[in-house]
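For clarity, chains are labelled A, B and C in written order, and residue numbers in each chain start from 1.
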Amino acid sequence: MSNVYDVTNWTVGSDPSLTAYEDIGAVINDIIANIHSNQTSQDSKPGAVIYIPPGDYTLLTMVTVDVSYLQIKGSGHGFTSRSIIYNSGDTSSWYEVSPGSSHIMVQNTDGNSQAFLVSRGGNPRLSSIEFRDFCLDGVNFIPNENSYTNGKVGIEVASNNDSFRIEGMGFVYLEHAFIDSGADALNVTNNFIAECGNCIELTGSGQASKVTNNLMGAGYLGYSIYAQSHTGLLISGNSIFPRGASMVHLSNTSQSAITGNMFHSFYSGMIDSDGSNDRNLISGNYFQRDIETYSPFFSDNNGHDELYGCIFLLGDNNLISGNYFMYNVPASYITPSGATPTIILVKGGNANQVSGIYVYSNVGVNNIVLDASTTSTLILDSGTSSQILAYTSDYTVRYTPS
Amino acid sequence: MSNVYDVTNWTVGSDPSLTAYEDIGAVINDIIANIHSNQTSQDSKPGAVIYIPPGDYTLLTMVTVDVSYLQIKGSGHGFTSRSIIYNSGDTSSWYEVSPGSSHIMVQNTDGNSQAFLVSRGGNPRLSSIEFRDFCLDGVNFIPNENSYTNGKVGIEVASNNDSFRIEGMGFVYLEHAFIDSGADALNVTNNFIAECGNCIELTGSGQASKVTNNLMGAGYLGYSIYAQSHTGLLISGNSIFPRGASMVHLSNTSQSAITGNMFHSFYSGMIDSDGSNDRNLISGNYFQRDIETYSPFFSDNNGHDELYGCIFLLGDNNLISGNYFMYNVPASYITPSGATPTIILVKGGNANQVSGIYVYSNVGVNNIVLDASTTSTLILDSGTSSQILAYTSDYTVRYTPS
Amino acid sequence: MSNVYDVTNWTVGSDPSLTAYEDIGAVINDIIANIHSNQTSQDSKPGAVIYIPPGDYTLLTMVTVDVSYLQIKGSGHGFTSRSIIYNSGDTSSWYEVSPGSSHIMVQNTDGNSQAFLVSRGGNPRLSSIEFRDFCLDGVNFIPNENSYTNGKVGIEVASNNDSFRIEGMGFVYLEHAFIDSGADALNVTNNFIAECGNCIELTGSGQASKVTNNLMGAGYLGYSIYAQSHTGLLISGNSIFPRGASMVHLSNTSQSAITGNMFHSFYSGMIDSDGSNDRNLISGNYFQRDIETYSPFFSDNNGHDELYGCIFLLGDNNLISGNYFMYNVPASYITPSGATPTIILVKGGNANQVSGIYVYSNVGVNNIVLDASTTSTLILDSGTSSQILAYTSDYTVRYTPS
């Protein structure tokens, strides 16, 4: 009775001819059932590792994970750009036209949208489940290959959870790559998430989690990172590339840090927010803002104009410090036409501080715009008087010497 | 003669019936003896990998590691909260009540306190030993489950060492998770260390090491990270949660950097120091300070009052720059009663600098307190005149505009 | 037909007696040929994993990698200091005298300089190739063991590539550890690269790549990190130790970020540049500058004098913010003799900004020197009037209060 499983040599008792290549979901569910039947003592449920060798696997049946300490692991993230393939016309001479490595094509026929649903009621919370080093691929977008929509979810964690790891994974062409509701000490690190509608969605609430050292980029209407009602979230050392309606969207998230990231976007709202997001630190990041370069997406965007801000901030007592903003949008692309673009919009809140930013721009911009509703904002060394626009008198400023 | 070992199928020659489940320590020691007997040429000692599949293993005998390039590896960090389990009363209906994955219960009967002792005299120093992806579990604390004490040590590296990696490990309920004396280019990354008396203790001296991208939190009297006589230490991208007498304790440690971390604590002394700690950089960190929320620990703390400082600094020429401090302690919890809490206490030293910090507080605080012994401190944009308290006149300040 | 290969049990059809220990290059090439023969459908080329168990392998034949999604993986980075071994005289009593783990000795007899050459023409670009957790060792330097030269290259990626990972690798005694030309979304993370002439060379051009969480150090004439015509490069959380002619060399690289690194060097030019490097962020780093401590290298250096600067900057609109500079060079070592050393030299460019740096020095230094050609530099809180030397009047300064 080993706790090491390989999806390619597992026989499903109820359907011995079924292979993992035909329905890896049914195979993994049967393995999980076997773990349950083997590990019946409350005192000894070490879980297992399920290995997915390199190969092309179809998933027809959603996997339900309800075993703590389960590690599902492949041998590579396997990303390739489906977007380039689909938009390149005749690819008949191409070497390959699909992602690879430990590659799961999410093609549910069971009516579910998730490839993996992690959920368990009762006590304790599921702990230390790990997804590592394989590729989840949604295969197609609907209604067209550039829509970023198909309803598919790579992994959804739907019940409270502790000390999970999502590491080294690849996600491509899913509307939602990874959703986690109720995360505690979640570790999302070293993944490659691209050409997904949304990348990482931390919903419900959560604490003490981190999203570090990843490469990712969402669709033009989606989130690269979404954090709802989180505290103590650390977002650090990531490279987040276009498109993404936002790179980081904070929804009532507080006492969190966004530091040392490379952000690249084609639209306003690189860091976006709703609700009240308080006492956050946004420091040492690079914001690279230019325009769409790939023709299939020339007509798409997130709907925000250039007055929305590279950072759109709602909340109190936030510190935005030591960030670089590179803004390079041709005048003819600026909406509203003729407007002076905004780099940081403090849309609402009290006692926010912006200090020590650098703004490079190809056009005249307002480094900081303070909405009339804002109070007690402090601005230090972040622009000259002509670069700061305040619709309120309730603020303090030390202009950058010039 | 393979260099790939699996603890579950190794037979100890002197005790063929012994299994790794009964004493994984004796099994690994026998494997190491086999490596020694196979690799006798000075020119070819590549070491080995010892794999620990998911399972519950008891360790009765300390493992002595004296082979360079040995990798000991499991399939998951396996943490679960023993603290919640022990403090939850009747858990008879719970799914599981122990950590898991590749799970070693440290229960030495050999009189030793360490599960793994890494040590070798002579030349060269041990190099490139790796501990990866398994769980070391102390099982019980003594005299009670909330004491964080039992004398147990997960891994102790006792001789000078080069280019080690501690990665992806889980540690729980050990008084000391990981101790390394004499580290050069040590890499402690991506681990989960919680509910241990102390997490990472770098003792003796060391250089050019890094502690990055970890999740951890020590006991109320212990260190999350302790660094003694180190230089060139990089502590970056970690999330360090309560409790922990300190998040980082510097003891005569210099020319090191603490940057981009999320720190959360229930007590003063989040960064603590003794001796002289010189020329360090503390920048871009988030300091979240509030109070104990879990009733079993309401009466415990590290003994420091609210005048001790979130940062307690002893040393010269340090730069504390661009950090966020969130201080939220109800007035009734403040000791000494009625005192004005301190955020940064420069207890001693020359030519330290504090610049560009943000302090949010629910009560009036002193952002910076300078001891009478301090000299030539420079304070920039880190508080108004009412938020800085100096017991010396030997300092320079530019108050935050207000 | 499995996609999991082990180099130690693969039989080369054309030479059945050949083992991986004798020529791992020929073995891996034969495995790759097998992958090609097995995976012939354009729609299903998942690649494979090639496992290298711990052992000492000689490579006589260059491996040519032209398969996407190939993961080549060992069980440890296996570094030991060959430099210490070679310079220690009689090592006959030493335990071991070579690197180890999954250890490949690069000894080409085929006329090639590369151990691994990754290259493919046509479409699509090679994607998601991974090198993980093994050791590439050049064995000897020529003409002497301290020269850092032997013409050997560990891995060269010579054609455009997407989403590669170089992770957990060890490199030692190679003139070039890793070269990548045309990288997109490259991920170089958690490697150990030491005693190589050059560590990471990103040539040609590239975008959206990251070099994070590594330990490395090049030779006295080489690059630790070299970036040519890159944009969106993130260099974060690395510890880069001596020697290295530079820690990071930027050559026409723009819109990139160097943040939260520990840099330690024995020479000027820690961050060096040529061409025009524009709109970069250099923040939150530690620069530790002292002198050579190991006698075999006392007479070696990178040729730059102490006026060259710890940072030598050519380019426009760069922000250097919140870095610590520790400069400790005895007066007798300073060249030109009697000169006042330079910490940051803005050699050329427009609208650069230096703010909030801290300089510790054992001798009088110029924190910032502005060349006569520079324009519109802004200096904030980075030195007193006696610490800033401008050969131009076209700059703005706010001196550090004193």
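Note that in this section a contact is a pair of C-beta atoms (placed from the backbone, for glycine too) under 8 Å apart; a residue touches a chain by one contact, two chains touch by 3 or more.
Remember, predicted model here, so these are calculated numbers, not experimental data.
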{"item": "Turning angle required so that chain B lies on chain C, C-alpha fit (0 to 180°, nearest 5)", "value": "120"}
{"item": "Classification of the chain A:chain C interface as same or different, half of numbers criterion", "value": "different"}
{"item": "Whole-Å separation of chain centres (CA-atom averages), chain A against chain C", "value": "29"}
{"item": "Touching two or more other chains - residue numbers and ranges from chain B", "value": "213, 237, 259-260, 284, 322, 356"}
{"item": "Complex interface listing, chain B residues touching chain A", "value": "8, 53-56, 75-81, 84-85, 88, 91-103, 170, 190, 192, 194, 213, 215, 237, 239, 241, 259-262, 264, 284-286, 288, 322-324, 326, 356, 358, 360, 381, 400-402"}
{"item": "Of chain B, residues touching chain C in the complex", "value": "2-4, 42-49, 68-69, 71, 73, 120, 122-124, 127-128, 130, 162-163, 165, 167, 185, 187, 189, 208-210, 212-213, 231-234, 236-237, 255-257, 259-260, 279-281, 283-284, 317, 319, 321-322, 351, 353, 355-356, 378, 380, 396-398"}
